[in-house]
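One chain, subunit A, links the two complexes that follow: it is found with subunit B in the first and with subunit C in the second.
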Partner chain A sequence: MSSPVEQITVVSSDGDEFKMTVAAAMQSEQLKQMLTDDSISIVKVPVENISTEILVKVIEYCQKHADHEAATKANGGGASDSEAEELNKWDAEFMKVDVEDKLFHILMAANYLEIKGLFDLACQTVADLIKGKTPKQIRKIFNLKNDFTPEEQERLSRQHNCSFD
Partner chain B sequence: MAQNLDRLKDVVPDILSRLPVKSLRRLACVNKSWYRLIKSPDFISKHLHTFNNHMKLTDPINLLVKRTRRATFGPSGVDRKAFVSLLSFNRANSSTILNLLDLIYNHDEVNHIEILGPCNGLYCLYSIPIMIVNPSMREFRILPDSPAPPDTYSLQRHNGFGFDPKTNDYKVVVIMDTWLNETDEQLPWRIEIYSLNSHCWRNVDCLLPPVSIWNCSWIDAFVHGAFHWWAYDAAGDLVLAFDMVNETFQTFRVPNARPSSREYVGTVAKFRDSLAVIVYPRRGTEKCFDLWVMEDYGNEGSWTKHSIIGPIVGAGRPLGFLEEKNLFLLEDNNGRMVFYDLQTEEIMHTGFHGEEDSLQAVVYMESLISVRGDNENPQAGASFFGMIPDPLFEGNSG
Partner chain C sequence: MDNMLCDELLQEIFMKLPPSSSSSVSLVSKRWLSLFRSSRTSLSLRLLPPFPGVASLCSLLSDHSSLSSLSLFLSSDSAATAASTDSAVSDYILAAVSSCCPRLRALRFMSGPVSLSSLNSLSTACTRLTSLCINLPRPISLRWVLSFPSLRELAITWSSGGQEIDPSNQLEVWESDEIGTELGLQSLCLVGIRRDDWGVGWLWSSCKKLKKLRLQSCQGIGGPYSSFVQCLQNLEEVELRTCRSVIDGVLFHLAENCQFLNSLLVYDGGSRDGLLYFFSHCRSNLQKLDLRLPLDLNNDHLSAMASKLRGLLSLRLQNCCLVTGEGLKLLGTSGASSGLEELALINCDVVERESGLLATLGQHLRQLRKLDLSHNELLLDKEFISMSVSCTHLSDLKLRGCKGLTNAAIVAVLRSCKFLENVDIMHCGGIESEAIEVFVEKCPKLRRINVEENKLSDEAKTWASNRFIEVVV
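Moving on, here comes the complex of A and B:
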């Protein structure tokens, strides 16, 4: 790749434009493919199903992790335990969002843009969120219907020792 | 609900594969789609891999451990009792322990038990009776005793446990010597296999190679689809391998790993999905453990001395590796379990102990694999399926 591109522009579904450093963009497999493909000259990349609010968060994650990678490389290889722990703490704070929906949208954005670290982090966060919840609460979160018949429910309750509530 | 949450469906398997079995059993009741997902072989496989491999350094160390302890139990005054427990140990040096056998049956009479596995989250507990257990599903299956021809007796038994991907079956293999009651004449060694799918034992018509198996195996070595034992013949040390798919034996000569067979002990082990051998001195207040690895499985010329672990002060015998945490597990000279960090060389005392040379420790894995097997066999006689009552692993990773 010989092009001296240092930044790319991504456009949210709301039409807002944001600049991303190449290093940050490389955190996304999708964007990375585009950047390393010489046959594509990038001007603006539309990300149709990601709103401004979510895109801002995603870019923040990518930049932080790109910075961390660069710092690690500069130090000659492996991150120390304390540096890794610091990044983990940052990740934990980052995932503290006020509304559950936001969490899901970040997860889907990470899936769409193929940002592995963010995808794993978001999956884990959602998993932790639903771990202790009842089936009823889960249905509400994921907007699902209970389509078991009463007989099926009875049989399953016995097998799995759980309630359907 | 905001729009576009439809596509959340696509990532539900990725989310659910990070949950412990206890949660998933509850979530199977959400709706039919989730029920089918959680029961599907693809998801079970995904969960097995994802849940057990996403560990952070800060997560607790979860092990299935075995030990014997001296005390007086029961009316017969048995003075040694074997325990199998789930041990959860975190860096704050606190641990919680749950005696698994206590939840299954009264094991006052059990003074010896061997843990084999895990194999995709299933463990074989070899004692009287023999059991296959999935602790995370709270299920166990008690096996009938391995059959013996009439009027014979056995002195030695060597066990193995593994998975046959061709038939999707879990197998327990037992190698036994056979002697006639009347004349004490020795008959050929017998090889018996129990198949979880067919719920029964069958004799394997294959000859044991002319080797002697050491009567001590405490580190599981099921790797490359075969179970391995440390053995020897007149020409020296070797590894005996039993292929779980083809049900045949193979032997691998081991290079001069032991400087002297009197002063040094050898044992098979598993290291990074390769067959390994650990050699260490029998005695000493400070020991080094030589780790040999068969880099190219099946190729006797590929044995390589991978590393020397230690020296470790007060070390007794090795218990295996916990690779997710880069740890070498061992028993010290006083029967206590110790962790040795392969990277930092730091030693962690767990405070867990048993009688000397009685410990076994294997990684605790969660898995959705049921030990009910593929079909219920009404002739299964003495084998039955049971559930370990709650609670199990409250908190921690559960």
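Moving on, here comes the complex of A and C:
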């Protein structure tokens, strides 16, 4: 039986090392699997496709949510409405990244590490970016090329105008 | 950034988009169009003449490979269009659906009547169909239901128009062949059965597992009552809308045969005697009652409810102008209502006429969670407040169209009802922006408010945004 671990170290793709508390690491299903498997003794976990910049953000999210969970448990289980509201506000601020690029990287990191809360949050943030925008604006955000011919575009627009809801 | 997000991630994002974004997303690029369509599990189409050809419709439906739920509305351009043309169009479109959407679980097909052979094709192709809403021709023929073994919800409309059928020509012979069939149907909605229609009897006697029944605009039940009673054993919810001619018989048999009925809705067509019989003899423990009966509901019925019912949870009365305070007080203070959680008195002028009624009701219904007093235009602050001071546990409050209420009402509600989450004060001319602003700021548990946009000050909008309150304008 290995001695109880209080912290683990994660290594970004740039080679930088970061310490995470176990509670924070448990926010990630991937890391949780490793931690709860007694046969693996953890020293350092490399996360090859996550850069330092993104990893810092991800760890910040995990720590905040782990702290919130611990506080809720201490209060006897039910999160009060104001605390839930506060966490939502924190999440909203957290997702205000300067460049959309960062947002996609965070989404992919959350997907890779299986952090459900962050994954849903990032998906919703990207969806909010798309909401209410024209195709042209969306293409600009995602840096995509319009590969429809004018006739195809015309036909699709007509379909959408009279038949879709 | 090009192609950074893999297909699955993109589809996860699409799932979080509202329907209004679908046209923009589809026009971004071919990859997005294809991923978006294949990620959608439900689709709603309105087709206008000239209707799309089979090829283009099939191509569209096949792109939506994950589709499990489809609603199709075929609009006709003129009422003069012959029913037979409608039928041909409906048939070929239904055929396209059958061939392109084999995984469909739910289909709503609102069009002209479809032929029975189209239904047969549908049953062979879409074997997982659990919910079907369809329009059928006369004469009534229901044997095809047997070919949809997974069906749990069925809604059929027989539209008006079409020839009168001579009842003696009906195929009663095959009905007796089907005795002993048991269908898995749990929910049934039938619209437009005419007085002389026949052929539903077999369906009644085969639906022993029926839990929910809705009849709309029916002048008859399409079969003998001896068959009808066979589907009543396990019935839990019944809705009868605009079925004046048949309601006596139905209510009688419901009272006699249902033991598990917990929800009844009767709109726009009742019968004083039928209702009285039902309420006096009903053996079930009715929990939800929703009545819109301007001509038929009176104090006798309320009195019968008061003595017979035990565990009423929800009572909704709309446009019931024959009811007086005496009847309501009797019901409201009786043991029947001691557990009442939801009360709606919508456009019931008794609430405006009789002062003190709401106060009495409030005192006896302190545990009320939902209150709806919409469209009582003459309702005064004093009356409303006398009720709200007692009903401190309210979570839902609707006062739509209560033009007589002023800011005082909102101020009082803020003081007494600390658990309010959903509030509707649309069209309340007397309630002004300042009061609404304070309300949005201070109401502790508010989650959602329905109010006109021009009554929301900028401060109110800021408060709503900061507190994550949904504003419906």
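Note that in this section the second predicted complex is superposed on the first by the 157 of 165 C-alpha atoms of A that agree within 3 Å, B and C clash if a C-alpha of one lies under 4 Å from a C-alpha of the other, contacts with A are read in each partner's own complex, and residues count from 1 in each chain.
In this section, a contact is a pair of C-beta atoms (placed from the backbone, for glycine too) under 8 Å apart; a residue touches a chain by one contact, two chains touch by 3 or more.
Everything numeric here is computed off the predicted structure, so don't read it as measured data.
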Combined model on subunit A: subunit C and subunit B, fit or clash: clash
Which of subunit B and subunit C A:Ala127 touches, first, second, both or neither: both
Which superposed partner A:Asn146 touches (first subunit B, second subunit C, both, neither): both
Partner chain in contact with A:Ala70 - subunit B first, subunit C second, else both or neither: neither
Contacts of A:Asn49 with subunit B and subunit C, given as first, second, both or neither: first
Superposed model, subunit B segment overlapping subunit C, candidates 6-14, 78-86, 114-122 or 294-302: 6-14
Residues of subunit A at both interfaces, subunit B in one complex, subunit C in the other: 81, 85, 88, 101, 104, 107-108, 111, 119, 123-124, 126-127, 130-132, 134-135, 138-139, 142-148, 153, 156-157, 160-164
Parts of subunit B lying in touch with subunit A, wherever the complex brings them together: 1-2, 4-5, 7-8, 10-12, 14-16, 18-20, 23, 25-35, 54, 56-58, 390
For the subunit A and subunit C complex, residues of the former touching the latter: 81, 85, 88-89, 100-101, 104, 107-108, 111, 119, 123-124, 126-127, 130-135, 138-139, 142-148, 153, 156-157, 159-165
Contact set on subunit A toward subunit B in their complex: 49, 81, 84-85, 88, 101, 104-105, 107-108, 111, 119-120, 123-124, 126-127, 130-132, 134-135, 138-139, 142-148, 153, 156-157, 160-164
Touch list for subunit C against partner subunit A, complex: 1-2, 4-5, 9, 12-30, 32-33, 44-48, 52, 60, 444-445, 466-468
